[in-house]
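Some notes on the structure that comes next.
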């Protein structure tokens, strides 16, 4: 199968520090990939390079075979590359319904309409209804974001991403900061993602990684050190060193 | 048509006066991130004090400068304590409104106390003449203004690069919360920088009175010029401010001599072009 | 639920229209000899509404908004004085077109930067327009102002009379039309997009929208509204001066907007009316005290009513209703 998202030899340095050093990655439709790595490994930087929020020093990004290396985040989003944010960045004064309406209208190229309202567009309303009920947000449809619980905000992040009908979805720690009682909902939402969607998820919670991912990519010190099935990752010597190396040294010193 | 030399001298003098007044604004903007539209008002207060001291009290020029600098600082510090403190870290619009409000009040009060007329600060004999270069002569006052600008640049460079205060100041500009965590008392650094900035504004107001005449609308008339200089140079950058002052001073002076019918058209056109090309200013720090 | 919401929206619009008409009626009864002042308030209200579109709805701080108003004013004036287009509706159309064009130019320039440089760009553009109008004195009359504007009767029926009744009526009608259109705009998909951009432009970009394009478009719309105000000014006073393109007018418009409260059409209207009435009473007494008072007013708003008078009062009422 041809890759829907391809990163080729991406490099990024801040000052003299190489944060991403020659990283390549391919995602195919239906992929469920977890991107893990120790703190400071460059995971978020990598996602920002892929989405166009940061410009890479060299290398290419392709969506569906076409280069988007020189396009900004807006153009990449329109081509089907959608992300969620690590810290929820929702619009505090907008209702959940308005968020989804905005995303759907933007996807359909209707946000530049100067009159009318999404409420008068039956198709948009129907789609909003489906998204809200899929993610269990029906009860907060008309609440402003500032008034809804954090776990629900994370669910709304996912709904918002789905409303853009992505081909590739980048999830940056979708369950971070969510109380234990609500993580089940988020996991269910992840399990229900469309089958042909390619998903790349940054996550620290290894339980979630093992349940969700069919492929794990480990980033350490700006380079990919492992790319394979979840069962193999814990047995990999380099991964063990990258994660445990510092502790092992401490042990030895004692 | 004016000779190129006299235009150049005027441009240099004007640029240096702009530098003396606006460098304080640049440093405080880089440090406290306050868009201070009232900076020109402090230069104007300096001008009024010096004018009053020389005309009414018969004090000498040098003493009047000192009185103006310290008098303006004395007036500005309560304003900083009472009003500026409230807008550190506030949205830009809030800062703009507060400082425009302060400017309007100062203009209104100056107008009420001193009247709408232009105030002069008589120069001492030594600065009144002209220096004969043989083929041309240059007004001594222009040379004095240029020297003042150079002296301020040199002193600031020394203060910022070579003293303990300078180290703390640079640390606070770079990262205020980190500096505070390292034990730098940033609020004292802020207050001291504000005082230095206001004092320099007052100095520039007095020394530059020949080029920027002291009258109540001074604060509004040149508000934009000072802001433009800081923005073009890049907030917080001394070399940037120097380059911007000399560049914009030259454009403005040349325009006034050679194309007076265009007014300040070319001045503002170049401001727009420069900022569009360098949105962070000529020598501004990267975000 | 949905039907209820939309009827509530329409009814608040009707209340708005009724309030504007009532205010106009009260003004007409209170100041029968000074309708020119009321018409000027309406013209400036259009400028302040226009400013609210970019500052209140999109979060752009600008001190150069009079450029759009002045462009409209001069376009309407030049059309009448040099091209014999004296029909007031065509003059207004000229003003709207020129305002929108000026909005496009200013928007493209001002949106190049953010923060302090953006503020400085806005100031530089209004000065540039001012200097240009001064230089093109054969068209604009330069510092003497542009005169020779005599609009023909409105719709061929109502002549512009000495007391300014026709101008006032025309102004009220223009304001109502703009108000209704802006209410529609605020609720539209585009209005929603702009709210999003104000809060988090980066997030909007990752949803696929370009903030620059949207804001430039809003600048054009804003220019059309300001241009309509400028044209009304040219039609009612029959002269256009350089002050209509000034930094001072830009700053005053910002003060009016903030006095009322940004981000709501009612706030913009309230601020304009209060400021202008205040100005009329105080500045007649003494221009010196006028500036001091405006300054004190600004400082007081920042310290005590940061949401403006309308914003603070409606917040207070909402809280009372919440606790009751």
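Letters A, B and C name the chains as they come in the text, with residue numbers starting at 1 for each one.
Criterion: a contact is a pair of C-beta atoms (placed from the backbone, for glycine too) under 8 Å apart; a residue touches a chain by one contact, two chains touch by 3 or more.
Because the structure is a prediction, the values reported are computed rather than measured.
**Student:** Top contact pair of chains, counted by C-beta pairs?
**Tutor:** B-C
**Student:** Going by C-alpha centres, which chain is most central here?
**Tutor:** Central chain is C.
**Student:** Taking each chain's centre as the mean of its CA atoms, which one is most distant from chain B?
**Tutor:** Looking at centroid distances, A is the chain farthest away.
**Student:** Report the inter-centroid distance (CA atoms only) between chain B and chain C in whole Å.
**Tutor:** So the centre of chain B lies 33 Å away from the centre of chain C.
**Student:** Using the average of all C-alpha atoms in each chain as its centre, how far is it in Å between chain A and chain B?
**Tutor:** Between these chains, centre-to-centre, one finds 49 Å.
**Student:** Report, in whole Å, the distance between the mean C-alpha point of chain A and the mean C-alpha point of chain C.
**Tutor:** So the centroids are 43 Å from each other.
**Student:** Show which residues of chain B lie in contact with chain C when the two form their complex.
**Tutor:** 29, 35, 83, 86-87, 92-94, 96-98, 100-109, 111-112, 220, 224, 227-228, 230-232, 235, 261-265, 268-269, 271-272, 275-276, 279-281
**Student:** In their complex, what parts of chain C are in touch with chain B?
**Tutor:** Going by the criterion above, the answer is residues 55, 61, 63, 109, 112-117, 119-121, 123-125, 127-128, 131-132, 134-135, 247-248, 251, 254-255, 258, 262, 288-299, 301-303, 306.
**Student:** For chain A, which residues count as touching chain C in their complex?
**Tutor:** The contact residues of chain A facing chain C are 51, 53, 72-75, 77-78, 82-83, 85, 89-94, 98, 101-103, 105-107, 110-119, 125, 142, 160, 164.
**Student:** Considering only the defined contacts, which chain C positions touch chain A in the complex?
**Tutor:** Touching chain A: residues 1-2, 5-6, 184-185, 187-190, 192-193, 195-196, 199-200, 202-203, 205-210, 214, 217, 221 of chain C.
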